[in-house]
Structures are given as C-alpha cells and as structure tokens.
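The chains carry the letters A, B, C and D, assigned in the order they are written, with residues numbered from 1 in each.
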Amino acid sequence: MRFLPKLERKFRRWKKLKKSPLFRKLDILCESARKRTFQQTPDADYVKRLQTEYGEKGGKELSYKRREQFMYNGSFHEAVGSILLTAQWFAMMPVRGVTAKHPSSLSFSWRNVRTCCCLLFIMSMLINLSLTIYKVLNGSITFNNVRPLIFKSCICLVCGTALNLARKWPELMMHWYEIEQDLPQYRTQREKQRMAHSIKMVMFVGMMLSFAEHLLSMISAINYASYCNKTDDPIRNFFLLTNDEIFYVFDYSTPLALWGKLQNVYSTFIWNYMDILVMIVSIGLASKFRQLNDNLLKFKGMHMAPSYWSERRVQYRNICTLCSNMDNAIALITMVSFSNNLYFICVQLLRSLNTMPSVAHTVYFYFSLIYLIGRTLAVSLYAASVHDESRRSLRYLRCVPKDSWCPEVKRFAEEISSDMVALSGMKFFHLTRKLVLSVAGTIVTYELVLIQFHEDQDLWDCDQSSYS
Amino acid sequence: MRFLPKLERKFRRWKKLKKSPLFRKLDILCESARKRTFQQTPDADYVKRLQTEYGEKGGKELSYKRREQFMYNGSFHEAVGSILLTAQWFAMMPVRGVTAKHPSSLSFSWRNVRTCCCLLFIMSMLINLSLTIYKVLNGSITFNNVRPLIFKSCICLVCGTALNLARKWPELMMHWYEIEQDLPQYRTQREKQRMAHSIKMVMFVGMMLSFAEHLLSMISAINYASYCNKTDDPIRNFFLLTNDEIFYVFDYSTPLALWGKLQNVYSTFIWNYMDILVMIVSIGLASKFRQLNDNLLKFKGMHMAPSYWSERRVQYRNICTLCSNMDNAIALITMVSFSNNLYFICVQLLRSLNTMPSVAHTVYFYFSLIYLIGRTLAVSLYAASVHDESRRSLRYLRCVPKDSWCPEVKRFAEEISSDMVALSGMKFFHLTRKLVLSVAGTIVTYELVLIQFHEDQDLWDCDQSSYS
Amino acid sequence: MRFLPKLERKFRRWKKLKKSPLFRKLDILCESARKRTFQQTPDADYVKRLQTEYGEKGGKELSYKRREQFMYNGSFHEAVGSILLTAQWFAMMPVRGVTAKHPSSLSFSWRNVRTCCCLLFIMSMLINLSLTIYKVLNGSITFNNVRPLIFKSCICLVCGTALNLARKWPELMMHWYEIEQDLPQYRTQREKQRMAHSIKMVMFVGMMLSFAEHLLSMISAINYASYCNKTDDPIRNFFLLTNDEIFYVFDYSTPLALWGKLQNVYSTFIWNYMDILVMIVSIGLASKFRQLNDNLLKFKGMHMAPSYWSERRVQYRNICTLCSNMDNAIALITMVSFSNNLYFICVQLLRSLNTMPSVAHTVYFYFSLIYLIGRTLAVSLYAASVHDESRRSLRYLRCVPKDSWCPEVKRFAEEISSDMVALSGMKFFHLTRKLVLSVAGTIVTYELVLIQFHEDQDLWDCDQSSYS
Amino acid sequence: MRFLPKLERKFRRWKKLKKSPLFRKLDILCESARKRTFQQTPDADYVKRLQTEYGEKGGKELSYKRREQFMYNGSFHEAVGSILLTAQWFAMMPVRGVTAKHPSSLSFSWRNVRTCCCLLFIMSMLINLSLTIYKVLNGSITFNNVRPLIFKSCICLVCGTALNLARKWPELMMHWYEIEQDLPQYRTQREKQRMAHSIKMVMFVGMMLSFAEHLLSMISAINYASYCNKTDDPIRNFFLLTNDEIFYVFDYSTPLALWGKLQNVYSTFIWNYMDILVMIVSIGLASKFRQLNDNLLKFKGMHMAPSYWSERRVQYRNICTLCSNMDNAIALITMVSFSNNLYFICVQLLRSLNTMPSVAHTVYFYFSLIYLIGRTLAVSLYAASVHDESRRSLRYLRCVPKDSWCPEVKRFAEEISSDMVALSGMKFFHLTRKLVLSVAGTIVTYELVLIQFHEDQDLWDCDQSSYS
C-alpha cells in the first residue's frame, strides 16, 4: 500500500466534498453542453465519440470566458504556477510568466530582477559558506561538526542547479504542454484539478511543517541563549548563538545579525524546497501516466482497434521521454536531496542518544527528527509512484482479449515490461519502492557502527559551541 | 528443496493413508457415477470430455445430499472456515458466516457482537500499551528494553489491520470463489482436500507449539517468582512479575491480574496468528497455482488447441489478480510479521549470550528461540512457494511441441517470464527464496555489530526488572 | 577469464600431446572407416550427412570389440565410474555397478555390503559427534571453539545426503544416458574423453592436495605433542591431542585411538569429497552444454532448416531439465559445501592473526588456508561454468542470418535469455560468477567485524585445549 | 548526467573552435567535391545516396595525398597510436607499428628490442618486489604496512598482462579495423577526430596530474628527509627515504639509488597507465556505439526499409563481439585497476585521520587523495559509458513508426534489451553506473569499521619507517 499518496488523496476527497457545489455546477453546465452537441450530431459513430472524448471543443468554448477563472485545464504548468511564484520569493527558479495561462509566456533572462536577486543570494550564501568553512577548519573535524558545512554547501549547490533549471524551464514546460495536449483528456473538473490539488497540498503541508520546525528551533535557541547569557541583551545572545559562524570573525552588529537571520530563513526554505520540488515533479509525471492508465482502464478487456493501441503506445513513449528529460533536468537536485537526507538522518539519530538539556530542546529535536524521516519517506514514495504508475499500464494490457491481440499490443507490452521508467539520482540509482528498504538498511548499518564512537555531549556547557 | 512444505506433505500423506477407506469409497462412488454418465453418452468427443472434466455435474449431483457432510469442494473459503472461527475466539477477524458452505453468506457488520468484542479488546490493548509506554519511558531505553513496547504495538497494529481485513473479507472470498469455479477442477476427494489439510495442519502445529511455548514461559516465570519472593503469595508474585507494566502504576488486585493474564494469552495467540495468517493465504494462493499447473502437467508435451492455451492464460491471469488483491489486503500484516520476527530474532540471539539462571529458563529460552527461527523460516518458505508455483507453469510451456506453438502460448510464456508474481511486504520487498538468504545475512551482520554492546545481565537480580 | 578451467584445459592439452599416438591411430581408423562408408554412398546429401554426423554407426561398429578398452563413449556415467569407486572406499555413495559400461547395470540395495559399511560409518560418526558435543558444551562456546562441532555435523549431514543420493543415482544416470544419446555426438576420441579427463584431473589434484594437507596436519600435531609431552609415549601423546574429544570421556586405549584416527582420515576425505562432487557434477553439466554449443558453433552464421533449430532447442531443454534434476539431487550437499567453506575461511582468517608457535605450524596453517580458499574458488568457478555455458548458446543464435530467422530460432533465443539455468544452493542462491564477489564481500565484512573480538591465543599453552 | 565525459566534451568543443579554420577548409573541400560528384550523377536515388553516405570514395580520393597528414580516418588504431608509443617508453605494450596508418603493420616479436626492455623491466621489478617482501615480512603486518607490497605486486601483474595483451594486440586491432570499415561513416573531419581527441585528452590530463602528484611526493619527501637528517648528504637522505626497501638490505650506493628512482618513476607511470588504458578502451568502444547511434538518430522516426535495420543489427552485433573480445583481453587489468583503487582509497582515507607533519605533506596528501578518487570515478564513468551507449540504441528503436515495424526491428530491439553489453572485471562484476554507488557504499562501510583500529601515527618520528 502506498499510504502517503493515499492519505493525501483521502484528505483531498474530503476537501473536495466541501467545495463541490461550484464544481458540480460547472460540470453539469459542461456536460449539458456536451449532450446538446451530441443531439445535434445524430450519427455519433465511434470516430466522432473519440473526437469528442479528446477534443470536447464544442462544449467547452460555449461560455469559456465566463468560467475561465474557475476552470482548470489540468496542465502541469498551471499546477506549479503558484508553487514557483512562492519559490521566487525565496530567490529560487527566476523564470518570468509562471502564472500565465500558456507555457509559451515563460521566459528566462539574465537581466531580469528575479535573476539578479537570485545571483545576489547565491553570492551572499557563498560568503556565509566561507565563514562557516573558516570556523569548521579552526575546530576539530568530526562527523557531527561538519554538519553546518554540509548544510550550506548543499544549499549553494541546489541554488546553482535551480538557476540552471530555470534556464531550461520554458523549454521543458513547452515539452510538457505538447505531450499533455496529445493525451486522452479528462472530462470533469474534478479529475482535471486532481494533480494541481495534490501539488498544492504537498507544498502547503511541507511549508507548514518546515515553518513549525523553524519556530521550534527559534524557541529552543532563545531558551538556550537566555540560559547561557553571554551578554545582557537577549536578542544579541540569540543572534550570537544562531549565527556563530559570522560573529566568530566579525564583531556583533545589528545589520550583520539581520543578514544572518535572513540567510537562515532562506536556507531553511530552500532546504525543504529541494525535497518538495522532487515530489512535485514526481506527482506531475505520475499523474500523466495515470491519465493514460485511466483511459486504458476504461477500455480494459474490450475489443479495440489496433490504431487505438498504436496511439496509446506513442503517448506512453512520449511520457517516457518527458520523464527522462525531467530526470536529467533535476538529477543533481535529486542526488543532493537524497544524500543530504541520508546524512542528516544518520547525524540526528546519533544525536538522539544525547541527554536533552530542556523540554524545548526535546520537543524541537524529536519534532525535527520525525519531520526529517517523514519528509525523506514522502520524497521516496512520491518518486517511486512514477515507476509504479508506469508499470500499471501493463496490467491492463494483460487483459486484452485474444481476438484483439495484435502486433501493436505486443510491442506496447514488451516495451513496458523491458524498460525501466523512473526518476533516478544521476542514473546511479533508480527511485523505486525497493530503494526505500535498501536506504533504511544502510541507515541502520551505519548507525550501528557509528554508535560506537558516540560520546555524550554536555549541551549545557556554554563554552562549547556544539549547539545547533 | 522446499523441505518445510515437503515434510508437511509427507505427514499429510501418512495421515490420509490411515483415513482413506471412507474417501476411497466416496471416490469409487463418484467415479462409477461418472462412468455411467459416459456410457449414456456414446459420442463423447473432445468437447464433451473437457466439459465433464471441468464440470462433472452429472456424477456429482446424483447423491449430493447424502455425501455432503464428507465432501470437500476444494475452495479456500471452506478450508479457512475453522481457522477463522478459532481466530474469532481470540477477537480477530470478526466476520459472520465463516463456516457457511458458500462465501455469499459472509458478512461484516459493526454492530455484530464479534466486532464489539474485537473493538473492546483493541481498546483494552491500547490501555495496556499506554501503561507499557509509561513504564519504558521511566526506565533506560535500550535495544532490549523496548521489547515489550514493540511487541504490544505490533499486536495493536495487527488487530486494527485484521479488523480492516474483516471488512473486505466477504468481497475477497467472493473473488476467490469466482476464480476457483473457473479453474480446472480436481476429480478425486484426495486432491480436493489437499489444501484444506495443509492449512489445518499449519494451524494445528503452530497453535500447539505456541501453546507449549506459553506453558514453558509460565513455568519459567513461576520458577523465577518463587525465587524472588516479593510477597508471601506465590500467585501474586507470579502476576507481579508477568504484568509488571500494570502493577508499576496500580496496586495489586486480582481483577487487574486476571485482566493482565487474559491480555497475555490473547497477545500470544495474535502474535502467532499473524504469521499463521500469512502462511495460510500463501498456501491458498500456491495451491490455486498448483491446480492450474497440475492441469498443464497432465497435457504436457501434447498437441493442444490454441483455445486450450487461451483458457489457461486467462485462468493464470485471474490467479495473478487474486494474488495481487490478497497481497494488498494483508500487506501491512506481512510487513509487521517480518519486521517483528527480524527484531525478535536479533534480540533473542543477543540474549542467548546471557548466562541462564535456571534449567527452566534455559529450556524455555532455547525452545522459544528455535520456535521463533523455525516460524520465521516457515513463513518465508510458504510465502516463497507462491512465487515458485507461479513460475512452474513456464516449465510446461517450454515443452509445448513445435506444431502446437501458437501466439497464445507465446503470449502466455512471455507474460509468466516477465511478470513478478509473489506476495510482498507492502511492495518494499518480494517474498521469494532469495529473500531468506538476505534476511539471514542481515541478521548475522546486525548481530555481529550488536554483540559489541552486550553486557551480561544478572538475571537473578530481583530488583532489576529486566526479566521477561 | 575463467582461469581455473582454463589452466586445467591447458594442462590437459599438454598431457594429450604426450599420449596422442594411440588416440591419433584410433581416430585415423575411425575416420578412414567413415570415409569408406561415404564412398559407398555416392549421393551423400544433407540428410545423410546429418545422419552420419550424429549416428556414425557404420564406422564405429567395424572393429568395436578390438578397440573397446581404449574407446570412450563420452558419457558422464563412464567418466565418474572410477571417482565413485574411490568414494566407495570411504563409505560414500554405495551404488553397485559404477564401473559398468552401461548405466542400466547400476543398482542400489539396502542389503548390499557397501550400504552396510556406509551405515556403519554414519553410526560411528554420530557417536563421535556426540562426544564432540559433550566436550564443546563443557567448555566455553565461542566462534572458534564450535569448529569441530560444525565440522563433524557437516560430515554426518553429507554422509546421510550422499546415501540418499545413492538411492536416486541409478535413475539419474539413466536420465543422463538418454539425454546424452540424443545430443549431437563428437567424432574424435579426443573430444569424447575431454570431460572424463577434466573430472579425473579434478579428483586427482583435489585428493593429492587434501592428502598433503592431512600429512602436514599430522606433522604439525606430532611436533606439538612432542613439545607438550603429556605422557612418555609419543604415539599416545599424538592420539591424545588429535582425538581429544574421545579421551575427554574415555581413558586412553589403542583401539579407541585407532578408531579415532580412522574417523579423522575418513572425515578429511569426505570433507574434500563434497566439494569435489559439486565440481564433478558441474563439469558434467557444463560439458553437455558445451557439446551442444560446439555443434551450434560449427553451423554458426549458416543457413539452417527450422528443423535443425527445433532439434537443438529440444536438446537444450533436455539438458536444462537434467540440470534442474541434478540440482535438486545435490542441493543439500551444495548448501553444506558453501556454508561450510564460508565458515572455515572466516575462522581460519581470524586465526591467521595468532602468532604461530613453530615453523611446522606456520607451513601447515598457510598451506591449509590457501588450499581452503583455492578449493572454494574452484567450486564456485566450476559451478558458475554451468551457467556460463548455458548462456553461450545465445551468442550463436544472435548470429543467425536474417533469412534463416524463423519462429523456432526466436523461441529458442527467448527461452535462453529469460531462463536462469544454473546450479543453486537449495534455490536460495544461484551459483554464478557474481556470487563469488558477493561471497568475498561478505567474508571481508564479517572478518572486519570479527577481528574486534580477537584475542591472541597462546598456542604453546599445553593446558588449553584450543589446538586444532 | 555524465559530468566527466561532458566536461571533456565541452573542453574539446572550445578547443576545436580555436583550431577550426583548417578543418573547416578541409570539410568545405570535401563537401564541394562530394557535390560535384552528385552533379555528375543526375539520378541520385536512395541506393546511391546510401553508397555515397558510407563510401564517399569519390570526394575523398580527389586530393588524398595532399591532405593526408591532416586527415583522420576515425579509426581506433590511429587514435591510440601516440598513446601506445608513450607507453612503450615506459616498457609497456611492446608492439611494433603502432603509429602506422594501417593496423596490418602491427606485429609482435619476442626478439624486438622493446620486448626485451619490457622483460628487463619486469625482471628488475621482480627483484624490487622481493626486497619489499623481505622488508615487510621483517616488520609487523598491518593493513597499512602492506601498501608497498600490494603496490608493487600490482605493477608486476599489470606488466605481465600488458605483455600478453601486446601479443594479441595486432589481431585485436585488425578486428577493430574490419568492424570500423563496416560501420556507417562520419562525413566531417570534426566527427572523425572526436574519439582521437577524447583519448588524447584523457592521456594528457592523466599524465599531467600524475606528474604533478609525483613532483609533490618528491617535495614532501625532500622536506621530510631534510628534517630527519640521517646523513649529511641531502640527496642521500632523500634516496634512503624513498627507496628504503633497497637500503634495508644493501648499503647506500649511487647506482642503486638511481635504479630505485627509475623504478619509482616507471611504477608511478604504470600505476596510472593501467587506469588510463581501461578508460581509452572504454572511450573507443563507446564511440563505436555512438557512431551507430548517430546514424540511428539521423533516421529516427522515419520509414526505413527492413534491410536498413538488418544492416544496423549486424553492425551492432559486431560491436558487441568486439566489446566482448576487448573485455576478455583487458579483463585482468580492469580487475587489478579496480581492486587496487578500492584498496588505496580505503588506506588513504584512513591515513587522512593522521595529523600531518608539514604543509608540504598536507598539500601532497590531499592532492593525492582527491586525484585517486577522481581517477577512480573517471575510470568507472568512462567504463560505464560503454553500457550506456549500447543501451541508447533502444531509445531510437522505440520510435520506429508502426508501419516500419518489422521482424528485423523486433529482433534488434529484443537483442538490445535482453543482452548485457558492458566491460567487466573478469565477469565478476559489470562496469555500469550502478557499480559506482555500490563501490562507494562498500568503501564507506569498510572505512567505518576500519576507523576503529586506527591509531594516530607520529609522522615526525624519524626512527619509524612508516613514511610514504
């Protein structure tokens, strides 16, 4: 059972039930228009039916402008619009036209103000990274102490990759758009907004949890800072603690502190966003495969013409190409996301052996650990769903009756069963459900070995800068 | 060699030899009736032969009522009836109509008394779990001490899942029934009761061993309690020891002690039953594949019409669908069963390094360890037999002579060789024979690492509550 | 590169060059006879050629009796005759008629004197095992101390399995014989005796090395016994040392000592023989696949009739069935052989950290270690060669020209590429070249962990019975 | 993303842009000649076009002699000529005629002066190895101390294998040549010299880095020698340090020191060259697959005659055979290269825990470690590219339109999808991208275990000979 996508689907269903009156009306409108069209065309034979199935131009254009703002066209570009807009507030993916109706409005330019912001942030992040390297190299290098270094390197790497991804984004979205146009279309609004809802839900839940974690981390830091009391100013104490890499080099000053805080907030966002990005792309790809599968399911076990199968095969092939292109585009982000999560889970599990100095610490630590494991699991399962959906087509092909079995179906079935369609970490590993188990096994093994080197750290020792 | 199923098959054969007179008579009756039917139909051509092969309506209905109580129809529903009835005495799987002749009599209702008992037990188990959590959190948390916690969490999880499974059970059994009706039928009683016998034997042996283990555990506890002598009342001592999580919070009282004991007995049953359930479903699925394979074997190397192969292929596909549905239904139970067994084997192997305080302890401990390993092996091998049987069909297809080689055979062979038909642990791993080796390797690796943290516990130290 | 089989092939070639005059004459005789036959049949068309190719009845029967004693028929039964005879001297595989010309002379009987000897030895071995268990349980149980226990259990297990194998042997050899008769025959003596030579060479080298190892072990024991000097009698000292499990219970007596020595010699033989048996069966199976491949190679790239391919496919299928039957028959022996080797390599590598007390010890120890690793590697590589040879056919099918490509070739190619033909350890693992690496990796990992528990043993400490 | 080959491709592109005027002229000349040929043949139908496509005899031979020295024919023999010549200066691969235009000029002879040099070097290396063995056996044997022993054994093994490879080289190159002649030819100079450029770039970069590492090692050794000051002569100190295995046995003398130095230089070259050789062969094979793929890409999605596909399939098969032959030829070198790199990365990572005595040491050590990891990664990725390119053909076959789908395409697609085409380490493992991850995982696991035995070595302790 894929419980994570399932849970989310259930939640969505519940939400839609609440919202439904408007959508139900829209669907009824649309359906009645469609019926009228049918009545006008008395000889609605198979070809016509197929045409109306995938085209639906008649019914849709009747009152297009009136319903435009409520209508979904079910495209990936539309679904990720608001997500990308949010990301742009945090200096990621500076593409213009993300909320436009059509992907042809997308463009990337080095002179755009968003691009400049993004470059500025990368620059500032690199300075912060240098300060961190300086501080780490002046202390002892252990598995635990290099944590801020790895965290910030990952952020820089992801920012750079996201910038590069932004350059390719307009082209990629056009590719999506063309493939989506060709796929068997959904008829109801509910089916069309499914993917968009999943994506928005993932973004929303992810952001809320990451916000909660950041708040808890601040509370815990304030708590610790007030105990240690390096200076009289509690705000100063807080900043001295959370941006120790800056004030290890420079003297305290409010602008620097604010810069540090801003960096922290942005870093936290980006650290979560890289996982969310992988999930969103996975949801998009899986939903395209599902769109095809839903069509196959509708005609499961029926006698279909070879041309039907040939069409589906080409569509399947197109989604595979899309999947491979997206995989190449986000390969580095996936790789960073997985290795980062693996490292942090190992470190945090190891730190769970420490005695926690306060309740605030304990709450923050366990919330953070559970959130981390949950996020990793969510990324793995959503990414694996692309592979699962791509294999599901095979199940329907197995049920093709004897008489309809033709070379085209055979070719389709053989292609599905021999190809490996999945997102991957730079082709070094494929993201399937089996990966989850091997990652878990790896973590347990490393943990069992690492546990031998663990020495309990006295976290109430204020001189020791091992906090955070 | 699959020695476990083999052993059991041998035992069954020996048992049947004893019982045979009655069955032999029934078979003779049935066969003579069949012959008479044949004599009445002089033009028994191929189509007729097939019809009588799979239908056998003539011979069977002659004296149906008379022999009804001794006759097996070979269905899975019939075979698991008494098993589910037993389980219902222990608050598991509250479905009505488990012993009815036809699966359409099955039903689930929330208002049924069995469902209420089940919910009551889950409630009571959750209270017990909370007490255990309270006790564990107040002690030191080690790999060994969380044992009761994990044990009881698993019980709760399995109870909940079994309740959910009970809701789907009537539908699942109807699915089984439809597929069974369509399969090539066995002609003799002996073949028909094969599956039922295997299932009952597994249940019987499992229950006996688990009962023996529980007895030994009680003897060992009594022995220990009498040595420690916390109070003057030996019965009280015993309950104080075995239900320490209750009396850690509450004062001693007989009703509480009895409640605790009841919980213990039920928990022990459920802990064994989850493994037995996986085995039973595996036996059922494997036996359906075997039913198909026996038919393929009968016509191995002969010239058969394409329609024969097409029929077999559809039947094979149906069993695959059934297998996949059952896998989804019991996925969580399989997962819990395997991870639970893995954890307990690791813990018990580690504890085997302790010096045992008494002979009763030693006997109990080694019996329990061997039983645990044996049970895990049995679950793995029975579950793997589904995959093995599903692959065996391919062997017969390889022997199809050149002239009978047709697209249908080709399609059949390709589908078997490219599909993965097996039970799985929530799709994270497939239950095949290769899994056994990798599980064994994992246990050895973890054990070698864990052994470093082992410190011998003085089990005669009565203050230390590390008993059980 | 498969260096072990290669080395042996080179050695064989060199040997044959020496021996060749006789064989060359035989081949010339045979060839000239064949030519005469051809001259008598002027219209030697394709069908005739094929017939003479595989039949060769004309040429062979001309002077059959005269050359009989030098002629090989290339059957497996003939090749293993002397090997089994040797094994029977050591109470293994009590089958009658192993050196007969035809496998139909083989028979097994419980009342045969060889079977009785075998049963007697198993009985005696079980007594010895009990004594060993008694001694081990009275000492401390460590990874190293259970060595004699594991050694003797394996011997008992293998003896029992070999007895069971002996019962099935006549039937298995008839199966081999039938399949061999059907295969494309070799024409020259040199090709026919290839397999027999390989098998004899493996037996010879294996026995020589094992004899050398036993001698070295005796020298080392004598050396040690003379140093420790428990009694005045050096022979007595030696026996007290090497059969410590007997004299731990009983007082010293010469008959007991001789019994112990006999057990030692037999155990050593059987310990080596189980590996050799696996190698011999592997060589046999691989050579049957090679026989088929050599024929495919001869017609590689040529235009062949579909009937040719159909015939080859059936032959290939037959060898696969044979391979699967042999695998089932020796499954337990393979399993014991591999796990035994794995355990002993781990133990010996660990013991290599001890400081050796004398030169005799050092020489014995390193010879034994290298022999053990070499034998394990040899078993693995010979067993893997079955899989390699079975896959090699595919290479020739890939070169079938476009015009000869027919459904039969397609079916043949698909069957080879989708089936897994290899010996296995009770189906838990397949014996392929990839296994070697994973076994090596496992050994390294276990060794790295085990090394932490190692404490140097003072082997000159005569009180400590940790010798051997 | 395959970043290493990509990086190098980018660099090449940049370089070519600089060089292009000459090549552009050549291409223009060639193209205009081709056009003229076309104009003379007015009925340029499909067959003609194909002929000129792959033959291009008309245009090329016009001014062959004039442009000969600048022209590439794109053959592997031509591309590796200068590489082999360089290797011959370091006593590797003594084949005559490596820089000749045609591979038929290649020859190997035992009496050639290069062969004698090579044998002489092997002899001298064996003496050096014996001295090293003597020194190592007289010290304590640890994971770290056997380093020089393993280093020199590998060198000897590789030298011997390279000598053996040299014997087969002429034949192998003829095989390459024949296959290359048959492949679809490139038309422009730029495409033809692509492979040669990659190969030369890898050799150049590899040699430069290895030279830099050797220089740094010398600086670090001089630094250390001057600190320790065993004698007054700094040069003597240096040689005493770097050739300690020689002067452990013999007294210091300048000829011996020079001999040792020469050995060092040669060893370093060969140690790098074995990795470079694997990379070069990989580039060659991958580029042949790419040549075929580029042709498939050109006609992707078009309607092609069955004869086109049949031709491509045979060409693909030929490259596979070539790949398998090359794999057999360099199997031992690949195996040594990988195990050697694995061992040295483990040792160096472990040594990174030592405190470095000086800046020179630190720089040398980290440069050497990064170079080692980079080289291993490069070998793995280049070798994996053979597999990747071989699979890429499948992508184009998936896009064959419905009407052109014929048995030949089907056969081609099935062969690609079911065969495993890759370089391998003696067939024990295949060199694919997945291997990289499992090697990395193995290193981390071993490192985590080995780290427990690490004790910091005082490298300023001059008595201790643990330097180097």
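Please note the rule applied: a contact is a pair of C-beta atoms (placed from the backbone, for glycine too) under 8 Å apart; a residue touches a chain by one contact, two chains touch by 3 or more.
What you see is a predicted model, and the numbers here were worked out from it, not measured in a lab.
Chains touching both subunit A and subunit D: none.
The rotation that brings the Cα trace of subunit B onto that of subunit D spans 180°, given to the nearest 5.
Homomeric contact subunit C/subunit D: same residue numbering on both sides for under half of the interface positions.
Averaged Cα coordinates give subunit A a centre that lies 56 Å from the centre of subunit C.
With each centre defined as the average position of its C-alpha atoms, the distance from subunit A to subunit B rounds to 40 Å. Shared interface positions of subunit B, defined as residues touching 2 or more other chains, are 414, 418, 445, 449, 452.
Looking at the complex, you find that subunit C touches subunit D at residues 1-2, 388, 394, 398-399, 402, 405, 410, 413-414, 417-418, 433-434, 436-437, 441, 444-445, 448-449, 451-452. Residues of subunit A that touch subunit D in their complex: 310, 317, 320, 328, 331-332, 407-408, 411, 414-415, 418-419, 426-429, 442, 445-446, 449-450, 452-453.
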